[in-house]
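Below is one structure, written out as structure tokens, with a few remarks after it.
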């Protein structure tokens, strides 16, 4: 299934980027989004960043997730 | 350890002989005793017949073993 | 699961309620929507959206699950290849249970075949590096979303001179399939939820012909419940406003022009070929083959593969399901002879298959 | 165990009693016998013959356990070879626990080295056939009894063109060792129980020089308790009759001329070389190397093996034990630091080692 | 010696040494020290018995190791059965070449977990197999528990009962995946592996109708089993499922469903409406149950099915795990 | 399906199917059918517990298979402890690719042996590991036995006691070796694998001071353990050791000592001089004890040692097995 949550790029080393999804980190290929920069949010599919997520959407999404997570923590 | 009981040759196929030791059968090389014949007793070492056992001794030995085995069976 | 989390919270519920109200208002006349993409099929089922939508909205699944549309002859071919003693088969996990005419990859693995599940084509390439005396074959199954990642692996193999890596390309293309559907007289669809991720690569413009040539509207849609509800609302709005366009709901990812880098990578390595689709038959230029220049990494050319017949699976109505003509529950084998544990057709085996989604999420007495 | 069964039964006991009576009669003056062969050492211990013999008969062990006389430098060399990634080491089981300066084969196996116990050199050759992409090295350890079977494997490898098989020859020869013992001033032995199976190959005549050149009598003896008692009686009779000859007790197997086919096989593949013996030092022409014509199957030439130093094992008195100068129990490490479970010296590891035989069969309080 | 060698499994002296120097040393107690073919244990009127083999890879993981897991898994199976875990057996299969240092670490972890749970290891066995004949180490624990009065089991489940879980789901599954070869990702998630008998003691009361530890197969499969055995349906509320954000992220990343991920320190409880408040507050008062929460209810219709209400109000089926839970990609 | 695949071990539907169609089918009983995390069993006043894993290769051998062995091994450990074997747990680890047909044969053999012994399997577990991560199948059985009055154990051994064995030694060891890869020989010897509880019942009486089943490590190692635990010496008579001629021949051929070969259907008994005749005649009256015989006596001197009197009258030590029992060659 195609993954629909944004991953934040933490670091880039040549064509490989470390991305973060709610604390989980993974290495993905940036071959399809050579212009990607640290801090960008990307859409990851099958080990590759296939598109850079529109900045505004990405932030909102992650904030929402974190908010929700916090809400759960406080339960 | 070098084995000291005689094995009887049951069959020969080129350089390999099937030998019998009190019902146990095994294939051994006859390269060192090319003259060996079915029915001979051989001394087996490391998978090879290394010498043909003197006929008279061999028979006596096996008879003794079988006798003893029978004695045990009847116990 | 995450899809849901993202959608939870009061504001999301309110937004959903708003879309649903709009949908109810606009759906006085029945409307049939085809979700083309398997991920949409699953998202709809997992979010139980059918429960929420008015009965006038009919959601039908399309041929967008790449596993489901892979023809039986292709499956038997890759099973044949996977059984070869010197071959390591690298594949995404979904393929492992797909039944060929006799076996599946997981059964071959039980018999000793070396089959590895990978999470990226780069992992497959890595297998080739680490097993120089074996042939590593990657099973190339997927639409435009996946293809560029396969291109990268072949490009890389060429660059590094890795000769024991190859790809068996069974890739398919979205636009020709949609065209085939549009031209099929039996297809009765009012509008399409177009695949969000495939369009991230090819761009929404690549589907413009659907509206222009066939008058069939579409909305490129994301995968959250909210995305899908918005996509449906947008489709209904087009009808209400007498429009027939390809719109984008999934703005955060999809641009009209798509991802040109990825497109270039596809075209560098692959070229369109006629392709057999399960249930749909041969679709002209509907698949991708590896270009002659890269034949060293083309498993179809590298290995002497027998041709297999595309045997119809007796009783399986996958073809009708894939064209949105029947719901999975209308197949006589559904949930009887055909279950995810022993699937008869591929629509039941892939987690994105319409039949599997129906079975998993909705199949119960009284539903 | 069998040795014993064969010897049981009333008639055997009577025969034994007769030999023992004769031995007691003839052993008024003390007599030191060296059993050259490790199999004799074990047979004597397993049959507890020391319990039965009069105290004037002193039984000492000789250098006839092939594992025990293998020099530390050779052990480190084959351990080095066994640790190479592409090598399968084929060996008889006894070598598996022999400690080198740091490790043993069984420990290397624990670390992942591919080490196989074989029961015949033909099994080793078979490993080479079945693993064409590996180098199979057979560890050639043993006296003349074993060497012809190794010759057969090399002959066969040549015939079949098996290029990935080789032998690391650490083979030793009985006559030069006996000569070295005879010439060693510290050896105080009145007569030898000569090795029955080595002599089956080389013949009793091959040891005639011991009597002729050094005045040291010997009896080629079998391995049953009764054989050994008869052998001892024959030695004592020689003394009583003032003779010094090499006699055969083990007539059922051994001929004066030995097995000429086996001898020819030895000489076809191997040639005498100077060899390091543990505890005895270099014995001129005391070992066998593979002839130049067969260098393709000679692991020593095929692999680039570093030379290892022959480190003295601190405290181990194997050398003295092997020359019959001390009993194992006289070694300060015996049964303390040195046990079969963690052997310090090789005489403790081989099941035919004098120290192991002493430990296993006689080491208890009051014995 | 650094590594396990075949001789450690021969039944001879080296086997004895291994047992004495590693197992006895850390697990010593009067039962185990009997060193007989079978261990004599004092009995009680009603007993429960359970067995599980642990074949986890990797052997050491974030939050535990195979030894801790082997104790917790069996202790928990007894505890959720309403039994007081009393005795454990321990049988270890070792691969030639396994590091003795690692073995000792595992045995120490077994000892510590057994102490914490208050359940002694009373007999054991060790086997060694050739390199390549096992994956490092497999552990079987068999547990015996005693029962006073019995009132838990699927047959006691009633429509209207509440379904509770003692904390977040899927933590163990994700922490293991992150440490697994081939699936390279880092996660903040730590396995929840823990012995639950003391937690269960704290809330075990009449009105607790059934308990299960949702291990392999996860909450989804476990509840399906219960729904079938009890001929009821269970309706979960998706919003109420407690989820560590790291688990949510990892599931998104790998296409996994936390309902099918293994838990090793969680208990599912089915309790009567009268008992639910008390159970919940007892659970939350215990360190292992702080995030305990009600996640659903038992109903009569659709017997045998587990259903899930989505946040938007739709209902869908939660089936059994079908075959391997493969990370999906495409 | 013909073969075990990984999905059989997922904990999901295929796992359930495997348990139902193979294990439940053949082993069904009221305990096992509880299908809970732990099985409730009625208790008794004194209990004995034992565990063993079985990793034998080959899985099928002359005279039995790994399943029969797994039942016998544990039943026998209980029986020699003076306990009535009552319940068995069964935990199976399967290698991906194992033939389901073979699994069923093994489970049927377990069922048959469990019936013969009169000891039911009351709980179970199945795990599947990837091809190459196990050698076909490993089985753990854990057994619980009940004890009325206890009078056997090393502590009851007294100088002057007799040592008996219920039949020929080394049969199991040789039959296994003959079926093992790499050691190609044919043998007439059949494994003695059998449940001994009924035999033991037949002669169990006061005066029986200790019993052991001389499995891995053989009679030699087992008696060494007893000599140490009881601080006595044991003097065997070589001539009295009952030996199948095929075992004798195979030992000669391979350079093995039958004192260190495994037995799986023999019991060593240490009995008082008053009891020895009765024990012996009871043993011989049972089909599994026809060749029972006295093989030695217990003495005071040299405590901790096992000695053997040779036919010619010498005495030597019988040590513990040191490391692997390797067929010696040269």
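As written, the chain order gives the labels A, B, C, D, E and F, with residue 1 at the start of each chain.
To be clear about the criterion, a contact is a pair of C-beta atoms (placed from the backbone, for glycine too) under 8 Å apart; a residue touches a chain by one contact, two chains touch by 3 or more.
A quick note: this is a predicted structure, and the numbers were derived from the prediction, not measured.
Colleague: Tell me which chains count as touching both chain A and chain F.
Modeller: Expected: C, E.
Colleague: Given the touch definition stated above, what is the smallest step count connecting chain B to chain E?
Modeller: 2
Colleague: Does D-E or B-D have the larger number of C-beta pairs in contact?
Modeller: Contact tally favours B-D.
Colleague: Any idea if chain E and chain F meet via the same residues, over half in common, or different ones?
Modeller: same
Colleague: What angle of turn lays chain A on top of chain B when you fit their CA atoms, given in steps of 5 degrees?
Modeller: That rotation is 180 degrees, given to the nearest 5.
Colleague: Hey, how far is the Cα centre of chain D from the one of chain F, in Å?
Modeller: Those two chain centres are 37 Å apart.
Colleague: Roughly how far is chain A from chain C, going centre to centre by Cα mean, in whole Å?
Modeller: It comes to 23 Å between the two C-alpha centres.
Colleague: In whole angstrom, what separates the CA-based centres of chain A and chain D?
Modeller: 70
Colleague: Which residues does chain D have that touch at least 2 chains other than itself?
Modeller: Answer for chain D, listing residues that touch two or more other chains: 2, 5, 8, 92, 97, 106, 119, 123, 142, 145-146, 340-341, 351-352.
Colleague: Which residue numbers or ranges of chain F touch two or more of the other chains?
Modeller: Touching at least two other chains: 6-7, 13-14, 243, 248-249, 252, 322-324, 328-330.
Colleague: Touching at least two other chains at once: which residues of chain A meet that condition?
Modeller: 1-2, 4-5, 45-46, 65
Colleague: Provide the full list of chain pairs in touch.
Modeller: By the stated definition, chains touch in these pairs: A-C, A-E, B-D, B-F, C-E, C-F, D-E, D-F, E-F.
Colleague: Taking the touch rule as given, give the residues of chain E at its contact with chain A in the complex, in rising order.
Modeller: 178, 184-189, 242-243, 245-246, 248-250, 252-253, 255, 291, 293, 328-330
Colleague: If we count contacts the way the header does, which residues on chain F are in touch with chain C in the complex?
Modeller: 1-7, 13-14, 17, 96-97, 131
Colleague: If you look only at chain C, which of its residues touch chain F in the complex?
Modeller: Result: residues 97, 106-107, 109-112, 341 of chain C touch chain F.
Colleague: Which residues, counting only chain C, touch chain A once they are in their complex?
Modeller: Chain C reaches chain A through residues 2-3, 5-6, 8-9, 37-39, 42, 92, 119-123, 145-146, 148-149, 152, 196-197, 200-201, 222-224, 251-254, 259, 261-262, 265, 351-352.
Colleague: Which residues of chain E touch chain C in their complex?
Modeller: Where chain E meets chain C, its residues are 182-183, 238-239, 243, 248-249, 251-252, 254, 257-259, 301-302, 305, 307, 310-317, 319, 322-324, 326-330.
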